[in-house]
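Look for chain A in each of the two complexes below; its partner is chain B in the first and chain C in the second.
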Partner chain A sequence: MEKFILKYFNLIRTIIAILIGVAISIFIIFFVSKNALGSLKYFFLGPFLSKSRLGNIFESATPILFCGIAAAIPFQASQFNIGQEGAFFLSAAIGTGFALSVSSIKLPGFIYVILTLLAAGIVGALWSFIPGFLKAKWKVNIIVSSLMSNYIAYFIGLYIINYHFRDKSAGFLTSYRLPESDWLKQFIPGTRVHIGVLIAIACAFIVYYFLYYTKLGYEIRMVGFNFHFAKYSGIDVFKVIVLSSIIGGFFAGIGGMSEVMGIHRRFLWQISPGYGWDGIVVAIIGKNNPLLIIFVSLFLAYLRTGGQVLNLLSDVPYEIVSVIESVIILLITAEAFLENIKYRITVKEAERKEIIDESSS
Partner chain B sequence: MNPVLRSILSTSFLFSIIRVTTPILFPALGVAITALSGSLNIALEGIMLVAAFTGVVVSAFTNNLLLALLFGILSGVGIAALLGYFHLKLKADIIIAGIALNLFASGITVFLLYIFAHDKGVSSSLKSLVFPNVQISLFKKIPILNSTLNGQNILVYVSFLAVIAYYIIIYYTPLGLRIRAVGQNPDAASSVGINVARTKMYALLLSGLFGAFGGLYLSMGYVSWFARDMTAGRGFIAIAASSIGGNLPLGTFLGSLLFGIAYALTNFLASINVPSEIIQSIPYIVTVVVLTIYSAQTSKKKEVGEE
Partner chain C sequence: MDPIISVKKIVKVYPNGVAANKGVSIDIEPNTIHAIVGENGAGKTTLMKILFGIEEAQEGKIFIRGKEVHFKSPLEAIKMGIGMVHQHLMLAEGLTVYENLMLGIEPTMFGIFLNKKRAFEIADAYSKKFGLDVPLNKKVKDLSVGIKQRVEILKALLRNIEIIILDEPTSLLTPQETEVLFKTLFSLRDSGKTIIFISHKLKEVKAIADKVTIMRKGKVVKTVDAENISEHEIARLMVGREITFEHIPKNENVGNVIFEVKNLSYKNDENVEVLKNISFSIRSGEILAIAGVEGNGQAELVEILTGLKKATSGNVLLDGRSILGLSPREIREKKISHIPEDRMKNGVADKAKIKENLISDRYYKEGFSKGQKLNWNYINRESYRLIKKFNILVPSVEAPASALSGGNIQKIVVARELSASPRVIIADQPIRGIDVGSEELVHNFFEEARDNGSAILLISADLDEILKLATRIIVIYNGEIVGRFNNVNNITAQDLGPYMLGIKREV
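== the complex of A and B ==
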């Protein structure tokens, strides 16, 4: 038992953190809701009770997963580039513009879709290059610069849609509709689950391979693990900082465009949708491991869906989800949380081993 | 004279610069004092939100401005204490813990706003109080000062006093000396008997105090209601403002003023025929440019990647 706990200590700790977050939410619901048991049922079981809600989990996990792996790559290099929100938004805007501009060429659907996604990915990569480069070249605080880049991207994106691709016949600020050949197909009837979710999962596997089985991925992790060691062992730190930002931004960009092509079929965001921040959350909870991030994204999407059901059918507001999320992040990032238990078990194991060694000698 | 130029040179423009600088200056002082102690508090956004919300709710339910002030400050310092506890005691990364607390503040304020006011956007259904505007008779005799500085909200003057207080704290008190010592070299400070964690905690609590004032000003002075996410990134801009100013009192003040000017310019330029999206992005572009210039000058001494 002790050996098992030590081996899977991180996983157990994460699960305990999640359970505490859930427990706090149950406590809050009992505190504020007039029909607490009903609310609890809506929150935790609601997402599973209909096909469209189940689909909802996968739909909303898709952009979160893209942004999660986008955040994980610079985070692995200990570069706190939090510009995924802006890269997501701007890539979706420019990607939409690109798709509409080339729509007259009548490309075959397959090529059209790939070209659009690639264009958006490149926009995201170029945009994320800025904070990465500023950090590598002049040591500009990457948290601040990437944060500012989010606001700038938001305004540029709005400007592009508003002044160049706005559908004036629509009663609200939105772009023209994408041609049907550029849609990501929704393949489960009765839901809006689209091909994007498969692309996202594939990307997570690719990034996992990239981070753990390629030279550049190793360099990225090494810079994050020990900057000075990496530097003095000859790793080009400048390259790693810039590339980790660029590659991360690429996936944020694809994520933004996949959301447009799969769900809305036009660019209709007037406020930034916040998936970049969700991406940071899932990257942290998933310890920057792309495969874990898949599950964390689904878990977060499940909480969100439950929150929506709760909001709709009970007297508890949706924002309870943010409270749970923040508690979970705080506990997971707190290294000393449960550390004394691990310490005690380690000591006990060592003592037992010593006794065995002594008795055998 | 060009009408745009004329409105920029008017005293009402100067008045509005001071008005929009205050909610940046308070959190900037909060960031500065933690940065001096060697940690970076990025939770000012959340601290301000919680204090802004608490002030509005307490004043609406008690009708007492002093209680609103007291509880607003307590709530802000409480969030800072939570950050300190997780960072210093439970060894959480301060940036991630800060992000989590910002998320928490954004969620909990909207959650409670719905519970108290049955609205998720603004608190206008609550009859909350505001801090008074004050006239200072001394300024009346001086023409430009009178129209720019006089008649501002009382918390605007408090923000000026806060800069002076910050100056006194870091240069003339034992705590300030310890904060600077810990920030420069924690090992050396610890070797002469300074409790590093406790000193950092005090710096964080003070930053909570500054941030709380910023939040209270936003919801009970700048405007007279609480709106969801009303800090709108000011807690983050504050990081830029204080780092431009080298985290020193005058520098932080001037850094905040720079962003105040950019904001006020945004409001003024919006009246002429430039797409509003472009104008609104100016303060953020300015932040990146100024920060880059500042960092380029100081980075020569340090290595890339070192924090």
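== the complex of A and C ==
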């Protein structure tokens, strides 16, 4: 039993954290809601009770997943590049511009879609090159530079859409609509779940393979584990820092464009949608492992969907949902949470082993 | 006589599951020098940390002057009259000696202003009272290690300490500085203090201690009067078996010069000349040892030779061709291996798997990978082969390096570096902080590599290691080579000391 606990300690801790988070949520809901039982049902079961809500989980998990793997790659190299939000936004804007600009060529749908996604990915990669290069070349703090780059990306993106691709016939600030041949198909009737979710999951598997089964992935992880060790071993640290940022940015870029092509079919954000920040959260909770990040993204999307249902159908305000979400994430990310229990079990195990050693010698 | 300190059945397990103390009981009599000896990892330092309030024990009791105590912090230990001088000295380098001495207990005027004159007078009075001569007005960073240590001891005395714990105090000292330290300790004992002396150097223990406690694997083996036990007996109890300290057999097949350093100089960022005109050469089948007190340019020299730093001038030649300024990978490609001084910083990535640590210099080579794809099957096989060959104790190659003991981590580094079929091995403090068993193994591997024609550059602060392995010895002081010994047959540690201190020079 003790051995089992030690081996799966992280998993068990995550589950307990979620349960405590749930317990606190129940407490909060009882506190603020007149119909507490009903509200609880809306929050926890609501997302599963209709097809459109179930679809909602997957469609809102898609951009989070893209940004999650985009963050995981530089994080694996211990480069705290948090420029996913900017890369996501800017790539979506320039990608939209690109798609509209080439629409007159009448490309076949398949090629058009791939070209648009690639263009957006390249924009994301080039944009993320900047903080990576600054860090590798001049040791510029990557947290600061990537954070600032988000604001720059935001305003450049707005400028491109509002001044060059704005649909003047629409009643609000938005781009022209993308031609239908450039849409990512919504393939489950009654939901907005689109091909992007499949692309995102495929990307997660690709990135997993990349990190754990390729030379560059190995280099990225070794630099992340111990920078000095990597350098001493002959790994080109400069290359790894720059490339980890670039590759991460590529996936953030695809994520931004897939959201435009799959859900809105035009660029309509006037404020930054915040998926980049969610990506950082899921990357951290998923320990930068792309496969875990798939599940964490779905879990976060489930909480969000439950929150929306709660907001719509009960007297619990949406702000409470943010509180609950934060409590759960806080507990999961608290490294020292339950650490003393692990410690006590370790001590017991060590003492028992000692007795066995003694009696056998 | 009643013991001044009495620890009873102390048990301490660290969070990673290592049991450092397994029911340790020791009585320490007042007014004695009590040595605690044991290999690295025997639990000496842990016990002292518990006694000084840095760590808390899970079980057991501590009595000071017959009264039970529970220290939660070093501050409480100091109040009870216990002081500790750490292996790595803890002084504020930028402050003067007397400022360091009075740190935290400064006399003040009107409760807020520092009374520097009074502080100086108090420090001076104590220095005279205990006969510990220190340059009160000098900055600590300008002092030698021996003097810094004296400052630390005086600092403890100023806080009315009755019991002084010294953790491996001689590890950074030359033989001559050690003698001075011992004189100080004797006079402190004679003035009524109790001294606990942690060491794994047997000669010193014999020379200084009244009582000796021998620890092994977290337990007390024996406590005896020092005069009733021989060095050899202590060593046997410490290790649990017979060991030898003899010079390894000579290699008759010394070949041509393959590695050469010519007039190498290096200035650091502060424009200090750390290395001055260093020249030496190593022939194949030879171990050239560089002796010297740490911090005299050895670290920089190694970093330059392995491509981690750029030299200011001079040249490094392999087979007559310059390798200066090449990247670490290019240098490794030329079959130069590097066992780094700090294995946790450079030698391994402790959170990475053992197999990932074993391939860090060759993962891109034929077999280990094809195109971009890593061949994990091949890597697993190779890892198990190395683990077997180098006798590394691991739970599995999938475990992180941090799950291993210091000795086994060092064996991982040695396995990787020596299995690269190196022509030149640069080994910087290869046995620091590892147990005697691993130490012997590492030395055997060096001997084997030497006999197979590798040229080995050994940098060590451990003179016993140097005298055991070296074919030739050079001594470095303040970035310069000050002594060369081509015949090591009759050289002793005492002969090297004056060169290491910069008192003597022959070049």
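Just so it is clear, the second predicted complex is superposed on the first by the 349 of 361 C-alpha atoms of A that agree within 3 Å, B and C clash if a C-alpha of one lies under 4 Å from a C-alpha of the other, contacts with A are read in each partner's own complex, and residues count from 1 in each chain.
The working rule: contacts are C-beta pairs under 8 Å (C-beta built on N, C-alpha and C of every residue); 3 or more make two chains touch, one makes a residue touch a chain.
Bear in mind the structure is a predicted one, so any value in this text is a computation, not a measurement.
Q: Kindly classify A:50 by the partners it touches after superposition: chain B alone (first), chain C alone (second), both, or neither?
A: It touches nothing on chain B or chain C.
Q: Who does A:270 touch here: chain B (first), chain C (second), both, or neither?
A: Once the two structures are laid over each other on A, A:270 reaches no partner at all.
Q: Where does A:231 make contact in the superposed view: on chain B (first), on chain C (second), on both, or on neither?
A: The answer is both, since A:231 touches chain B and chain C.
Q: Tell me which partner A:218 touches in the superposition: chain B (first), chain C (second), both or neither.
A: The second partner, chain C, only.
Q: Which partner, chain B or chain C, is in contact with more residues of chain A?
A: With both complexes superposed on chain A, more residues of chain A are touched by B.
Q: So, does A:337 touch the first partner chain B, the second partner chain C, both, or neither?
A: So A:337 only meets chain B here.
Q: Please indicate which partner A:346 is in contact with in the superposed arrangement: first for chain B, second for chain C, both, or neither.
A: Only chain C; A:346 stays clear of chain B.
Q: Using the superposition described at the top, list the residues of chain A that contact chain B and also contact chain C.
A: Chain A residues touching both partners: 231, 339.
Q: Which residues of chain C touch chain A once you look at their complex with the stated criterion?
A: 11, 13, 15-19, 22, 58, 306, 308, 327-329, 331-332, 338, 340, 345-352, 356, 360-361, 363-364, 369, 372-374, 376
Q: Mind listing the chain B positions that touch chain A in their complex?
A: Its residues touching chain A are 42, 86, 89-93, 95-97, 99-101, 103-104, 106-108, 110-111, 114-115, 120, 233, 236, 239-240, 243, 275, 277-278, 280-281, 284-285, 287-288, 291-292, 295-296, 298-299, 302-306.
Q: Under the stated contact criterion, what part of chain A meets chain B in this complex?
A: Within the complex, chain A contacts chain B at residues 32, 80, 82, 130, 134-141, 143-145, 147-149, 151-152, 154-156, 158-159, 162-163, 223, 227, 231, 237-238, 241, 277, 280-281, 284, 317, 319-323, 325-327, 329-330, 333-337, 339.
Q: For chain A, which residues count as touching chain C in their complex?
A: Going through chain A, the ones touching chain C are 213-216, 218, 221-222, 225-226, 228-236, 339, 342-343, 346-347, 349-351, 354.
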